[in-house]
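Here it is, the structure, as structure tokens.
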């Protein structure tokens, strides 16, 4: 670790008489805090050289978003993912990153460099077609983090038979993501079936009593399915992140 | 219909010269409004002579509740059901109605006189043991209204297999009542299976994100299961009422 | 029932030595779950060959909605109803289903094939003109399910006299639907008059304290009118479904 | 007006040379602000010498409440009303005001001295027995302010016929107070019937979806009945105040 | 009263043998309910021949709004007021009612025929410029109902001195309307100064913690100013109605 | 898998002519649903013979809770954990399970039989002393599921230096649980430091603006710390479950 | 003090016989209230001749906003700041105040005349780029009030190391402003580090569980960091005001 | 500063050859983070040797609270303040700290050692008697931090004249604290009068629409009074802290 080496260097300088204690103290004061101990911990965001950076386009102008992307790439970032990116933001990003890929439905655009090798399987299941944008944001994020993602959309819950096709994939998942709005009953049903951690993503799909996703959120938090944890409303990005972290770390399933 | 006959009698009295128009007008003014046209409509509360009256004990002193029961019985009421009745209220009611029956868990006490013949089947399903008080309030109410009630408690949803034992009864139900708190996913699952109207009763069971039943309520209202309607939180009484009304009117199932 | 016959056929194949046990097991594994027991229950969505399918256009692109309609019709669906369908969605649906009918106010478009014979009477009452879209969504849905629907709009409650014209129809209803926003007092008043189950539909009509329909919803849930159950805010579709289910099953009124 | 005269007196003292300008300025500084202009306006709280003072016992110890009562009486207050007064507070108040009257149900205790002559009629209507405490707090307050109060309790709304007995009194009211919890539909119905201003008091009666009175409050605020204004949840005191102010000022009804 | 006379006529017809009892009963059945007893009560909406009718344009198309106006005028209505009327609605209304007057800021358009003579003084006070549309809706409504209205806009509360100019008018008011958003402190301050009933109108002015007017609403409901009642958020119409009803009935101020 | 073998046995019986197809069909009908396909999936709740069962004592009487424990143990359950167990419930459980262990602070009592071997490290961190009950419920649950748990209580966030002692343990964790109420800032800070999945547990600690834990919940859901997912308010049980599932599956950390 | 002198002058006029008492009383009546005692207190808004006036453009038309600015300048105002000013409002203001400066991001336009000399240091820190508009509104306001402002944007909290660069400035601040949305954890972290009062500004940045800033607001209010007080959501103006008031009054830091 | 000296000592040890670089690195690793850079910043909690420590008794057992107090005193703390301390907690604390002082109304107990000299004036104003506990918690806290506190209780706002007695003290305040529940209008009024920063403390006093203090909180946040910032509901402790920090730093008022 660079910091440790740098510190060792400074201390050896003192040991050798090349530096005085007060020189070193001054050096300490001018270093950013991270150089004094936190940098190592931050390293988990950079699992490897090609680590994914992320930019939330909401609340930024297209120009701001593009400038950040350009700066990150220039600074040597691996992949960069821009979320909640409308058409104008995507155009602005493409201008600074011609090799960017994008997904209109997920409102995402990204540059993928030095993507890590695939490891771990995340199964992502959505209740309805309208949950698609959130599901695919999660998928893109998890894939950039190096997970293999299997997608089942529009599974519903009122007709349980549609779950049939999902069961075999649940069996081989290292982590499951359930994307559902409205009453989010799918999360409880899948959570009762899946033998692995399940990440629920409530969506703001629906009107009236759906309350912009708060009903789905609360329903997921209340679920008595074992092994279910939840991210924020419509937060596909967060779900993709935690699911990939779980899946990539998972060892082989105990038979 | 009594009112029509009474009016006819008055008018005939005028016709015969036994009453003057102003006599009749005075009589009109002294009648309660219901005698001027609404009484007939109110009759649905009295399906037969032994019609059930109901008293909500919440917000009343034991003495008030007992006094109302006594007055109703004296006035010739058929059955009288007191809900949300704590031990003291039940004691007070027993003092005025020695033939009262009670159910401690449902916090209910009732006098059943001239109960109507059984007609129609209501299947009542609860998610957990803690939903019992609400379920049994619904059951007692529906039975007093003349429905046959079949109860399945503690069905859950995280383990779908527990639904197995319920399926045959769902097949023969005229109406289904689902009592569930927390995420109320059971309502969606049963609503997707039952071929008849389903009445959901959200319960205030659970803590934190259950929000005193609001999560269950909203989840039921958001359910995409066809044929599901909902009553208020913990309102077993209301569910029993509407379910019995549906079931008793139901004709034979089309094969 | 098809499944039972199919299973019997498989088992007879084993009995006759035409199939081995492992053949049958494999066949089991490849069937969707519904073929293993749930399909029969799902049948309530298809009361007859011309069963109505429904598509919620909200959250779907016009193209997605139209593609689903086309697929359903191709798969032999009877009627298909698209709700929350704006002008563009309706245009897209007409392109794939030239025989579609539509209702601009209800934002609905539908294909009606093999509609079931009329049975049961649903009376639908709205508080104000602005509740019209929700009421008509309910009406269209209930008619497609085979109920006879009688509509009274703009009944209000502050002027009770307007209820006068509705009373005779309440008398002959098998189920009543009340569509009301704001304080939804109409639901309590009608619920106190109608001798049959009443389905309340809170609407998001109104501003300020109407809170997007939550006030109407809560008021309906709190109503002490007997026999009232509620669907979600603006959920005309759900109300039409459950009301038709109740009405079609209703036997002749006991005199 | 006393203040004007006092000022005039001071200024004349200056004019006559009896007071120096700085004497007057000092006098100004030592006067409470109200003596500098607001006092006159404050006078509405003291319609006459026996004006009612009020003490909210909630959040005060019995001793604090009693001490305030004693101080007010000593200062020459006319009537003093203590609201939200539990048994201990009432005992403490009786100790300092032996001529106090009290109402257990309304949790009120008061001393009435020099009560104004009766003027104006307030009709107070409640939906159920449980609304009684709030209704009677309103009644006591309005009576202390000099209004005549007519009470109709437990009128309900699901059975409109019960309104019949109230109609004649609505005809002669100068102001109507409607006390109702749950869905508060009674406010809309009475508001549609009464030809005078109606003050709604939402109560916290009920459970679940009643939301501690917020549903009743919002429903009243949404009512389309003309001439309805609202006070806070359970605020019988406020309703009694404003209703008495309206009724006492009312001239004879235009025929 | 017309109804009484009509009934008397019918009964005399029976008395004279011109009508049979069954004729009369049939006639009863065909009359709207209001003809059976409620019409008289409804009369308060028509204080005189030129009574104001009102149409809420929100949720109605311009054509619907205009058609209702045309129908009301044709039916002989006195004044008709259309609220929440955008430019298109106002254009449509002008086409059917060329003598309509309008107020762009209040989003109101109205026809005033046979306006009642002025009686009673309503003082209307707003906290800020942005409360103007609500204040003027209240003003127009109250004026159409025959009250004299005095307006003070932009009074604020953080600088109490601005209240100075309002004080003399508060002195001569029969009713005061306070229009305020945000923290609505103006309502408490004015409520503490005015010796007459005060109607508070919370407005949705402000952002963030103003919560669309709910903060102002709740603050007004919590105010300890005596004699304050409240209407719904932004409900200038309701405030104008109840204030005019109070003011017009007010007798001369007791000196 | 038992079910497969059982099915195979049945089919072989048919093949051999020992069973008729209708015998087998009847047998199918009498099996619980889980025997028809879901049982295998349910098996994840029983990772091994000594699988933990759980009972939520809230909403159950002490007798009910104890009876369920007795039944589970009799049925051969491995460990059984009773949560939200007050003193009376714990006494009742001890009576049926003398070898039960308990933790007063966590309000938990449990029987641990055949506990799985330890695997995976969960680090649990709480913000304050008052979060202890929730943290220890999580700890007990995770330990019963076979995880090694390291606890750091009262870490706070306003004094970041207290985090210092936690850092080395964060380094070796397979999963981190953060238990925090109020503003839950600790979750963001730890989430920014820990290189593994973090499970946040909002607690209802605090008053006023803490809103019973909803502030902590929402703050955690909004956190921009990567890899954070959340369970319900005060849901130590849920956090312990999902954290243990993640940790036990985790392979060796990539260096 | 001007008022005192004016009063003294008047009184001396009476003393000298130049004014009669009634002249003076009349003069009193015609003065705004502030001239009778409050004006002095109001003076805090005018720290010096060039005091800043402020106009909230929200809810005002561009013309209204510009007219107010023109009137204020004409009346001799020092600086005038218009907040929430969109492009059209800024254009309208520039037309009446050609020397106005503006900041598009902060949606602010202002005229600065006679700006006070700089005194006191306010350090303003934001969590993310999207918080910029609020931060800069605060900055402009504080600068117009005469404070020196140091800005650190996009500090975040998930990566604590970014705080490093801020620490030296926190050391020299007289007041700190933290602008943050979402979970607002930055406020707790900075509040734990800064040795001076911290003003938190929750922002409406974020979606879903951010709840339009209410989560950030509640989190800040719950923070256990000492010395933290909060202004309304997105209220950069308010934060700039109070922070400048604190900073300008601050004496030299005790070493 | 101790840390700097310690670091210097270590480095000199290296310089002198008494310590090797790896010795020092190991020593670094074992130090709490604060020793690596944050300690200095934390020092603001210890303005002097007798710095106040605080313990929130809510959620802690009396024994836990007392043990923490004992530990803090033993560790050499100056003053220690325990808030939200019921009678049992206060008894337990007295047992370990016989020199503790307490205030029953404020539910506070504290040990004051080496209290700093008084500096700066905080004026604390409450709206009603019931706000007393919160006001006195604030007062005690501020006094322990070394501020002079002037208290005005029960000032109200409906009768503005009561403010008169407060005005002179507002003039000499360095910071004002306003404690108010319900509509909290007092905060706006005082905020409009006081020429210094005002800290608002919303209280949970009141019922119904007061919503446990949320109405007061939101009203304060919406206030347009300049220079008002807010702490959490009932958070007297927080208000006392920030007010004392502001007041003690304040230089002499510019005349």
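The chains carry the letters A, B, C, D, E, F, G and H, assigned in the order they are written, with residues numbered from 1 in each.
One rule holds for everything that comes next: contacts are C-beta pairs under 8 Å (C-beta built on N, C-alpha and C of every residue); 3 or more make two chains touch, one makes a residue touch a chain.
Since we're looking at a predicted model, the values are computed, not measured.
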Set of chains whose contacts include both chain G and chain E | D, H
Give me the chains shared as neighbours by chain C and chain E.
-> B, D
Given the pairs C-E, C-F or E-H, which one repeats the contacts seen at E-G for over half of the pairs?
-> C-E
Could you find the chain whose CA centre sits the greatest distance from that of chain B?
-> G
When the contacting C-beta pairs are counted for A-F and for B-F, which pair yields the higher total?
-> A-F
Specify, for the interface formed by the sequence copies chain B and chain D, whether it is same or different in terms of residue numbers shared by both sides, with half as the dividing line.
-> different
The distance between the C-alpha centres of chain F and chain H, rounded to whole Å, is 39
Gap in Å, rounded to a whole number, between the CA centres of chain D and chain A | 59
Determine the centre-to-centre distance between chain A and chain E, using the mean Cα coordinates as centres, and give it in whole Å.
-> 55
With chain centres taken as the means of their Cα atoms, state the distance from chain D to chain E in Å.
-> 24
Overlap residues in chain H, where contacts from two or more other chains coincide = 33, 36, 38, 42, 45, 128, 159-160, 167, 192-193, 206, 208-210, 217, 221-222, 226, 232-233, 235
So which chains end up touching which?
-> A-B, A-C, A-F, A-G, A-H, B-C, B-D, B-E, B-F, C-D, C-E, C-F, D-E, D-G, D-H, E-G, E-H, F-G, F-H, G-H
Residue ranges of chain A in contact with chain F within the complex | 38, 41-45, 47, 167, 170-171, 174, 192-197, 199, 217, 221-222, 226-233, 235, 238-239, 241-242, 245-246, 249-254
Touching chain B in the complex: which residues of chain D?
-> 128-130, 159-165, 167, 205-210
Can you name the residues of chain C that touch chain F in the complex?
-> 4, 7-8, 11-12, 14-15, 17, 20-22, 24-25, 28, 33, 36-37
Residue positions on chain G within touch of chain F in the complex are 128, 156-160, 181-185, 187-189, 191-193, 206, 208-211, 214-226
Contacts from chain B onto chain D in the complex sit at residues 31-36, 38-39, 42, 45, 56, 58-60, 64, 68, 84, 202, 204, 212-213, 217, 232-235
